[in-house]
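The two complexes that follow have chain A in common; it is paired with chain B in the first and with chain C in the second.
The block that comes next holds the complex of A and B.
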């Protein structure tokens, strides 16, 4: 598996898209910092970007990589290799190279700007951790989609639809259901609703740091326990891990059964 | 003029000829403060030496100066009130009073001033108290540089740090009040000056006004209280250069204004409160040069608020800048700096060319269904906020800052 991981990783490292992605974050970081002159404001803006863009790039890139390297995969499958290690290796190769572009691309300008001397360092590292988690989750989801759909166009369509659903439509439905059932106690429902969507989950995680004073304005014991203590942070991280593990398990399961 | 001169000479004479020092210590002839007061003549000075005095219900009924040397402890043994002042011109300085009795029928205080004038209470330390300093129908006094540390747990069985009731023209300065019900409480008290105090971690309010007019409070710090300052049913109050910090919770405000008219709120800083200012039924108030930083809601307007003006304030990184629960607006917003402003300034005069709408649709939704707060900063919310910004339906149409500034204001 490690060999395949290494191969995928270096293959991607040489590819143009990794550089474009890396350069994009680098530019974003530099522009934000040097035009804004304010670390905490830059972090809020970055949060919005990361929560939307990282899943999008993750899904598209994952699907694209799978379809592009399909012939090579089939060649590998003819060798005496475990199927799970082939696909996991490819998956990790993509996910790690994407995460690296993100961490380096954003990290370099922030470090140059003087991150270590400011107290925004925790907010920033939280941002990078969630970004990495989102990359892992959405690349895994993309591999799932690609494994299930032989048709390239269909695969891409589903991938974009998945992103659109989780990033925007889900929140709309969520909001509507909250307003519709406003006569009932909703604090548990709203927290569960957040857990079921990795994008919402990472958003809440960052809210915990940035908007804690507003979140505590709501009367509700469950909310208070969730947001007022470290409980929320821990649960969120556990859920994010679950969100990584489940799709990866499905990749293994699916790849074992699939006909090529 | 002649009378005044005569009076002063009389006072001077009195001091030089009659005033004497009485020493109180555990080994002296006069071993209790009570005895000291009973043998003292008017305008005497009682010097309380270091030691512990187990006394309560000490009645100061003549003009005296009571000075503690290196903080003698007056222990009330939880039996009731400790010092009650009923004479004019009394000074209490440098005592350490502990164990004030708790009662559900009477407000026992560490130091009570009743119907007196020209008193000074300074450098006093109060601990384990019910009520701290209680001024009742008194006037022209000064409460200066005291430290009050309570251990209040529940609102119903705890008292206030400094309480004023029907008192006039009092100066409360440089006090430090902690862990009581209300840090400083004014009821029916006019023309008072509250300055440079620190009121923190109190159960209810840092500072509480009820039916008190023409008061000024400035340069105070209110931190981590149930709510910072509650100003209710009062007129013409000036609130200047105070700091309100970290008042977190479901009913926590930096400042709560209820039925307040003609006040001035200038130069204050509201930082990291759940709600910076909560306004209800308050009219003709000027908000100028305030900083609202990192609050959940910078300003929450509950209704019946007319002709208020918000001029030249900084609204920095608040989750919500302004929240309104009605569609009617009669308040003016002008020349504020909003970090959430996204307009442009083509003519470079420092004023944005597009008006700013401080009320978002989402704040309206959160008012209706509080649980939706969990969707804060979601892309979907940004989209509906944007559409509301383009054509307001739910939020007041004329609630605009027509001249939003593009740079943070410094003053």
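The block that comes next holds the complex of A and C.
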């Protein structure tokens, strides 16, 4: 698996898109720091961008890489390699190179700005950790979609739909259900609802760490009570890990049964 | 060498292989023939484990291939259409396959044989179809495996390379290897193969030597014998 990972990783590192993605984050980091002139505020703005963009790039890149490396995959399948190691290697190659672009692209300007001397370092690390989790999750979901759909156009369509659903539509449905059932106690429901969507979960996690939960009103207090504690933090990370593990297991399962 | 029992495969509703029983003994050149869509490539891909059969068992060198990948160390496979990662150089591809399968020095000799030296630093995406096929041949023959599977090996080759390929196949045969070939070029098949397996509608229609086929169909030459089966 490590050999496949190595080849996929270097293959991506040589492609233009990794650099574009890296340069984008570098630029974003620099511009935000320059405009805000404050680490914490820059982190909040960044969060809003990362929460939407990382899943989108993860899905698109994942689907694109899978379809583009079809020939490479077929070549590998005739070699004495396990199917699970071929696909996991490719998946990790994509996910790690995307995460690297994110971490380096944002890390460099923040470190230059003086991140290590400020107390925003934990908030910033949390941002990068959730960003990495989101990359892992959405690349895995993208590989799932691509494995199940031979048709490229269909695959891309489903990938975009998935992103749209989790990033936007889910929130809308969630909000509507809250309004619809406003006569009932909704603390638990909204907690569970947040847990079930990795994007919402990451957003809540960062918002509450940033100590701006007062803006969220009463629900904010409930959330703070849950996510603000170590217990909540651990549960959240467990949920994010589950979100990585389940799609990865499906990649292994699906790839074993597929014809090439 | 290869032992196939009651092999069934369908893609959605399209039945491609419908109960294939095939026993290929060690040594010799076997040609798998059949009209387009008769299941030749599916059969080969099943042996390689790229296509998962719906029913039936396949043993390669006594090993059941189900959920197994190690047996592919003993197979050299030439895929039908040489589709390689386009942004890789020829040199890098050869190095990569060597890294994945194990060390060999045969590649140098084969590169010289097919005069591929000028292309080593070129990207695979920029090569012509015939040159890609030569690279494909180098990748296949550079390992010393007891079973060689060639899917349409002649595609795109110029006459000189074709002669070299035939020589290569004969040398491998004299080493006692088993070689499976599919091809639509009947003269090539007639020249190289010891035995043919004719697939029709997902089943083995005929198996035996070319002379036996000519006698069976009562046709003087091989091409007409094949054609008479199909009409």
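What we mean here is this: the second predicted complex is superposed on the first by the 245 of 260 C-alpha atoms of A that agree within 3 Å, B and C clash if a C-alpha of one lies under 4 Å from a C-alpha of the other, contacts with A are read in each partner's own complex, and residues count from 1 in each chain.
Keep this in mind: a contact is a pair of C-beta atoms (placed from the backbone, for glycine too) under 8 Å apart; a residue touches a chain by one contact, two chains touch by 3 or more.
Note that the coordinates shown come from a computational prediction; the quantities given were computed from them, not determined experimentally.
Asker: Is A:225 in contact with chain B, with chain C, with both, or with neither (first, second, both, neither)?
Answerer: neither
Asker: On the superposed three-chain arrangement, identify whether chain B or chain C touches more chain A residues.
Answerer: B
Asker: A:179 contacts which: chain B (first), chain C (second), both, neither?
Answerer: In the superposition, A:179 contacts chain B only.
Asker: After superposition on the shared chain, which partner residues are touched by A:47: those of chain B (first), chain C (second), both, or neither?
Answerer: Once the two structures are laid over each other on A, A:47 reaches chain B alone.
Asker: Between chain B (first) and chain C (second), which does A:154 come into contact with in this model arrangement: first, second, both, or neither?
Answerer: neither
Asker: Determine, under the contact definition given at the top, whether A:260 touches first (chain B), second (chain C), both, or neither.
Answerer: After superposition on chain A, A:260 lies in contact with chain C alone.
Asker: A:11 in the overlay: touching chain B, chain C, both, or neither? Say first, second, both or neither.
Answerer: second
Asker: Contact-wise, after the overlay, does A:69 reach chain B, chain C, both or neither (first, second, both, neither)?
Answerer: second
Asker: So which bits of chain A does chain B touch that chain C touches too?
Answerer: Residues common to the chain A contacts of chain C and of chain B do not exist here, since the sets are disjoint.
Asker: Show which residues of chain B lie in contact with chain A when the two form their complex.
Answerer: Those in contact with chain A are residues 248-250, 252, 272-275, 294-297, 317, 319-320, 339, 365, 368-383.
Asker: Using the touch rule from the top, collect the residues of chain A that touch chain B in their complex.
Answerer: Where chain A meets chain B, its residues are 40-41, 44, 47-48, 51-52, 167-169, 171-172, 174-175, 178-179, 182, 186-187, 189-191, 193-194, 200, 203-204, 206-207, 210-220, 223-224.
Asker: In the complex, go through chain A and note every residue touching chain C.
Answerer: 3, 7, 11, 14-15, 69-72, 74-83, 256-260
Asker: Which residues of chain C touch chain A in their complex?
Answerer: 11, 45, 48-52, 67, 69-73, 75, 77, 79, 83-88, 96-97, 99-101
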